[in-house]
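Next come two complexes, and both contain chain A; in the first it sits with chain B, in the second with chain C.
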Partner chain A sequence: MNAYPRPGGQPAGGHRAAPPHHTRRFDVIVVGAGLSGTLVAKRLGDQGWRVLVLEAGTGTLDTWPGHLDAMNTYYAAAAKVPNSPYRPNAAAPSPDVLDLAGLPEGGFRAHGYFVQNGALPYGSDYLRANGGTVMHWLGLTPRMHPEDFAVRRKFGYGRDWPLGYADLEGHYRAAERELGVAGDAQEQSEAIGLPFPEGYVYPMHRIPRSYLDDVVAAKLDGVPVRESADSPGTTLRVVTTPHARNSVPDARYDGGRGYRPAGAAGLPNYGERCVGNASCVPICPVQAKYNPLKTQATWDSRVTLVTRAVVSRVLADGTGRAMGVEYQAYDDPAAPVHTTHTAEADIVVLAAHAIENAKLLLVSRLAEHSGQVGRNLMDHPVLLTWGLMKHPVGPFRGPASTSGVESFRTGPARRRRAPFRIEIANWGWSWPAASPGSDVARLLGIPGDSGQPRGRGVFGKELRRRLGDGIGRQFSLQFELEQEAEGRNRVTVDPRHRDRLGNPRPVITYDLSDRLKRGMAAAKAVSDRVFGLLEAEDRTVYGPGPFSPGHFRFEGQDFTFNGAGHGAGTHIMGDSRDTSVVDHWQRCWDHPNLYAVGCGSMPSVGTSNPSLTMAALALRSSEQIHRDLTELHRPVTVRTGGGGGTDAASGHVPGPAPSPHSRPHQEVRP
Partner chain B sequence: MAPHRTTSPPSLPALPTPTPPSLPAVDGFVDVSVRLTGFDSFDLHATGMAALYLETALDQVGPEAFERFLGELDAAGGDPDRLEGETSRDIARAIAHLWYLGVWPQLARSVHSALGREKANAPFTASPEAYTEGLVWRTFHGHPAGAKAPGFGTWSEPPPGAPPVPRAAAPERPVEKPETKREGELEEEREGNTA
Partner chain C sequence: MTTARVPAAAPSPSDLATELAVVVEPPFHVPRNPEELRLFLQAALTLEHLTIPPYLTAMYTLRPGTNRPAFYAVRAVVLEEMLHMTLVANLLNAVGGTPLVAHSRFVTGYPARLPYSRDRIPIALRHFGTEALRTFLHIERPEYVAEPPGHPSVADDEGWTSIGQFYATIRTGLVRLTEELGEKALFTGDPGRQIGPEHFYNSGGEVFRVSDLSSALTAFRVVTEQGEGVSRTIYNTDDLLFGEAREPAHYFRFDELLQERRYGPHDTPASGPTGPALDVDRAAVYPIDPEAKAAHYPPGGAVRQAADRFNEVYARLLCVLEDAFTKDPAALRAAVPTMLELRDLAERLYRNPHPDPEKRARGLYASATYEITDELLDRVRGLLAAPALGPGEAYGL
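Up next is the complex of A and B:
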């Protein structure tokens, strides 16, 4: 078997590079080599199953030369947006935040991969490449709060999980080990009310707070603020955020066994500590931030990765069992040539991102019973506020956010408005105003539109002084709001809109509910009070314009929101096949051997950055997939009219597929 | 204000210079850049970008307009604030922008037309290193995002000119025994979901 050629350098892992394409049988096919797919492949490969991972994008990032190429692409990019380091790929296109533009009188225009027809824009991107969107994540790993799992029952909105925090707690710990989380569990417990087992510590000590965090904490800690005249006071507290980022290992971890940080993929003994490059989004130069390539480097040899393989369809038989997938292989992302192949397996796991999973199910006409595929699309709409402190605060240093205010995530106010988490942003006005580039242009008199008249501009020492004084005092707050599941926010496919390989592009219908907009109004009110406490000069402005596709008016007030990159909810889990797409194992109700894993399964997203929860769910599903496979491979002794018996010891000859009727979908809860 | 007018059609573009700018030309460019940026010549040379930036400016506006810019700046006593011709003033803006960010910006549309440029009026980064050598980061004692990392935990220290603030001590204790109430909530969660 020839090793698949990898551009530049050696494959990172013990896994196999892709063989030439011919139909073969595997125990499991995983669609997508992002965070979820990589973790599922890791667990199942370690348990001895033969896993085929099909990744639509390229594998250029999993070698050190490929990583350096991405760094240079990032340095040279005009706009340093999340996808800027990663090469465009016409065969497996990715959405980009630059695909959206606001219109002068309000409203927006979308071009690029998504077709958008909603009242408001869905402003989040993702990345189709080996490693997935987590290649450009910020790396924050807060757990969801127990009450986030039951928002319908407790607060009367959205959808409830068929699981609770307690069901997931052990998997949270497993995910914190796999991703390598640095944090202060005692602080998380005291400040947020997260239950942990007694004596728990994270693998690594918390990432140090920024100077800005300390400045904010000195003014805010213990101060009650009201979000409206008639609401009770909420006490502010700056809380350190857990990160999947290498910090100082905690010797007490794992019963005193400690923890060894995982360094860069493809370069030994490198990246075992965050060194403050301040570019976590879009790329960590030393790979001190977790990315799935690190896990792939430890994959068992039974895991086979094929990149540049776009799954176009899930194949199922007449009884509803998934038989495998059809995929399109291509060599050159720039050339419109592909060949079509099939791969077969006992179990198929879709792990291609919430929107791509939904697209695949829709195209394959699978999991249709509930009518929920593609619906309940969610994100964390982000409201930004920004201003100037009275003295320098050291912006553009360290991870993008090291602390937040968690006081508005929970509690009875959720009955009327969306809850939110406040991230203290360490990178000045980079997100709200594209600083520092925009500051330079403004002082030089260069407007965004080359047709507009130019200011005279400031030069020399005066330019230098004013830049230093202005940028040095910049700070901003990011309010991440919970979006609830709504059937009207959805992904569909339309045969008229296709990408170059002929696969449908996602058609997105998106809007924000009034309860979400009330959350934004409350967030802005809190921001106003916080700026007052900080004695900061508020420079926040919302209005229509080319850089404000997310502008809207609500109750006489202007707002602009952004996407957080937290796409979720397109194949939500539930406890009934009539109202949800997957069960609590992320297994399609309609197809006992087809899983759809990832944020798409989440019925509610709370206010936590979702990757840790997604990882915990993937690890939990891996356990059930292992049980399913074990069951399928159990020696069959007598079976009237069935296929011949198979020998489990010989390993990987699949047993006869049981009919769904002979083995009803038993729910066994942990 | 008398904007420069071209009375004759723009001349054919000069052939690309086959050799990099000569050392004296780079020195002269750095002298001008000192006035545009407010950084001294040692700092500017030390970026390693001076020759590339001179080439970029020459390539973008053409040698004639560049010479006129130098001449007008000289006539203004070397003070870019006193540049009155809009073309030269826009070239001054562009060169300062290039030094501060590593990015050649869009020229004013009118200047773009007046120069008769036969290339897109689009911003671009001169090279990956140009981004990391941008001067803007130094104005506030920073480092370019994604390069020249200052080291673990350095972001906790006050930047120059900032007052120290009390730092909340990191407790870093293991999780204590959960309160009874919290234990109860856990139970409720479990029961509520297995029912």
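Up next is the complex of A and C:
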């Protein structure tokens, strides 16, 4: 294939040379070039710091031919799962949702990268490649609800954040600029109660509602539903969801300066507004959806990206300061061959995904004081319900979801059961039943089990008619439930289970609490009411089987849940070094110059898709990392005049790193 | 500025049997009053559109999934031509004109003769290949631009010699009229008709509102410099005008495809491309009849239906554009799904071998014909106006 980028117009932004294995010293090392790592590198590079970004996966996606290769891989894939466009990499393996299979009598079996030994499967994947998991995200960017930050104080479960919505509000806005968010702030404020500064608008106008959204809203808006006979009614309202997806720029943004959408990475002057290609997960053909490569294109040249560099250990000295990292450089993603190098820096930032961050801390035996590393693994367990509407609703057009019902995100019921967000799915039964491919197969008489003989099929006009009639009426709801922090849900490492480069594979122990299962029962009850209001024919079935690894029974009812890809909580933040891994700057309590950023820091995840909050946290941490670095480079002023022996002698040496423990009261939160 | 490169030889017109359609050119003088200026700008709008069907034809005759460097190069040029059309519509609206788009006079028919040119250069709907690329080079050629009519140096000329001269003439007229009448008296158009960046976005430049001489001159720069480049370089001015990546102007992008080699960062028009090789697979193309008409396809056949459908949807696109330029800029939104529909229809149409056995034997395929008649436009307008049908429903979509 050709090099389409012009000579000198190779992947823009940052410095991409041969791995500078001889350049050992940087101001900052960032481990992982996903959303958090890319944003941290962006901010610090812009402030003049020399940043080394080490990415375990390949950089193939940086280029337009790489993007097209991923598109082709996706088109050819039999199962269009989130990682289907991205080529396997034995040196830096990624988990895949296809690694799980349900057993006929219930229970599950896990293959692949994760070792799973919990009662229920952890059903989420991530992607180890330049750009990270955000390459295949849907791109929804709701903010967390203010009450989500204090679930223990307010509702008596889980863990509280050491900061609140107000502390993060400015960073939410910064993240919304960086990601290019399209939304309606006034609607978010009215319908959900999210506080915004007076007159705030998102960079772009909201993504238009789908026809389905309007059909659902016409039946649901203003209707109260009860989730059980004795519960109070909750009023339904269909609310558009903020997206990190190019729509129409809002001229009022930024005090009337407006906003210019960012185009595609890898091809100059290409990239568009969303035109409804309807494959956001796993890949947007026109890159209307944000991905970190767009930010990388604006990196300062002081940022050096090295791909195919798997960090195997964080190095620390005897006083607990991180010195740098040890990493394995490989050439061929298929060959188990590598060379080992070290790189040093004043500050090390782990930004490799919640599970990989925890793995690295565990392998390096760092941040051990609280005993919490790897614990409190969370996700948004998803309950799917599906059925047929009475008339065609035009599914499989536009982003996977453009609106949702936000009425169940908080409230007194949260004391008893997990809260949830409801996403109205624009893509028919694609998630619950792999439509439309499975519909075609079924009508052609091809059974789901390839061992069975093929039945009689319909063809030609009749096939088209039946497909059009059935698929056009498909409708599905996705309930994303909050999972609370529980110490028993955890990531560990076991030297017996390793990958091809000899790095430990994550061993995952996972389960759902009873309060979460009660949340699912409530979600199903709400779904039943909603299907009734819509006069939709409910086709939801939960039972054990190969495609239902997440099946369980609860209080006599069958359920099947899926992972949302929202792995969180393995190095949670808190206000005490005895009970949490990082402080509110995402800085390890035990290591003053080691940061662990990402969803892993979240003590609770609410019901919002977490990427926006993660981005806001990364931007906030970047400010503190900049302050830390500035202090490290500011010499102590030598007192002149009076003999001042020892003070003057130590005055040449840069002062010690600012430690949050030594001066906790001097920290001022924004 | 003359380029030292030998201009591509004129495509031989011998393979075209039909009479070339002629685009009506405004009189050979500098526009003397606002009414003439509007006439000239309408002619510019027609000219910007003239190139779009041939470029689309080259793009759609690339077999899907193959020849991607060529596909993206042609696509980028088409997008910029759409930007130019929109900017010219803004110019015309700014001086109180009413753009005419959905009219048979707007779509001349192909093959047409390249207007504003001394040479007889046919613009035909050709599949991607040497002939098509040579035509494109003629359209976008950066050449010596003669002074506007009235200048002593062109005293002997009786007509236009280049597109560049035509644009320079409109620009001169605009500047003169602004001086004579004042900005307020010339820029009398309804600001509500202007297409802004919120209505149109496809990268490779950005549409902006035209309200005065300064914005009008910027629009002229975009329209002329994206095509032909700036003096003595191969580059356009997207980096200066829009803060975007610097890209070779259209002429040089087409030259890269013809020569199957990239321009490098130090190349000049004189050096030609010396950069890396560019892979063009001339076999992965659907060859077509450059004079195909829908009537050549048997009535009732699937190919005929697909060709008719394509013309209908193209007519609808023109109606949508005219609505956006003359009534409501927000109507431009409907152009996006319409263009995607055209893309899908093209994929379905071009892959069919030509229904005529003789042409099929020559390896030709069916193609879109861009035959836009007033009768067709009336019918499509009627469908659009029918209250029960939204866009697309009339077509079973």
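We take it that the second predicted complex is superposed on the first by the 618 of 670 C-alpha atoms of A that agree within 3 Å, B and C clash if a C-alpha of one lies under 4 Å from a C-alpha of the other, contacts with A are read in each partner's own complex, and residues count from 1 in each chain.
In this text, a residue touches a chain if its C-beta (ideal position, glycine included) is under 8 Å from a C-beta of that chain, and two chains touch if they have at least 3 such contacts.
Given the structure is predicted, the values throughout are model-derived calculations rather than measurements.
When the two structures are aligned on the shared chain, A:Pro249 is found in touch with chain C, with no touch to chain B.
Shared-chain residue A:Ser210: touches chain B; no touch with chain C. In the overlay built on the shared chain, the residue A:Val275 is in contact with chain B and with chain C. Contacts of A:Gly565 after superposition: neither chain B nor chain C is touched. Once chain A of one complex is fitted onto chain A of the other, the partner contacts of A:Pro121 are absent, as it touches neither chain B nor chain C. Considering which of chain B and chain C touches more of chain A, the answer is B. Once the two complexes are overlaid on the shared chain, A:Pro93 sits clear of chain B and of chain C alike.
Once both structures are placed on chain A, chain A residues 72, 273, 275-276 are touched by chain B and, in the other complex, by chain C.
On the side of chain C, the complex with chain A involves touching residues 65, 68-69, 72, 76, 196-199, 201-206, 238, 244-245, 247-248, 262-265, 275-279, 336-337, 340.
Contacts from chain B toward chain A in the complex involve residues 35-39, 80-81, 89-90, 92-93, 96-97, 100-101, 103, 105-109, 112, 121, 123-125, 127-129, 131-132, 135-137, 139-143, 145-147, 149-163, 165-168, 170-178, 182-183, 185-187, 189-190, 192-194.
Across the complex, chain A meets chain C through its residues 1-4, 6-9, 12, 64-65, 68, 72, 246, 248-249, 251, 258, 260-261, 263-264, 267-273, 275-276.
Those residues of chain A lying in contact with chain B across their complex are 71-72, 74-78, 80, 146, 149-150, 153, 161-167, 184-187, 189, 193, 195-201, 205-206, 208-211, 214-215, 217-218, 221, 238, 240, 247, 252, 273-279, 283, 285-286, 391-399, 402, 426-427, 430, 436-437, 439-441, 444-446, 450-451, 454, 456-465, 467-468, 471-472, 669.
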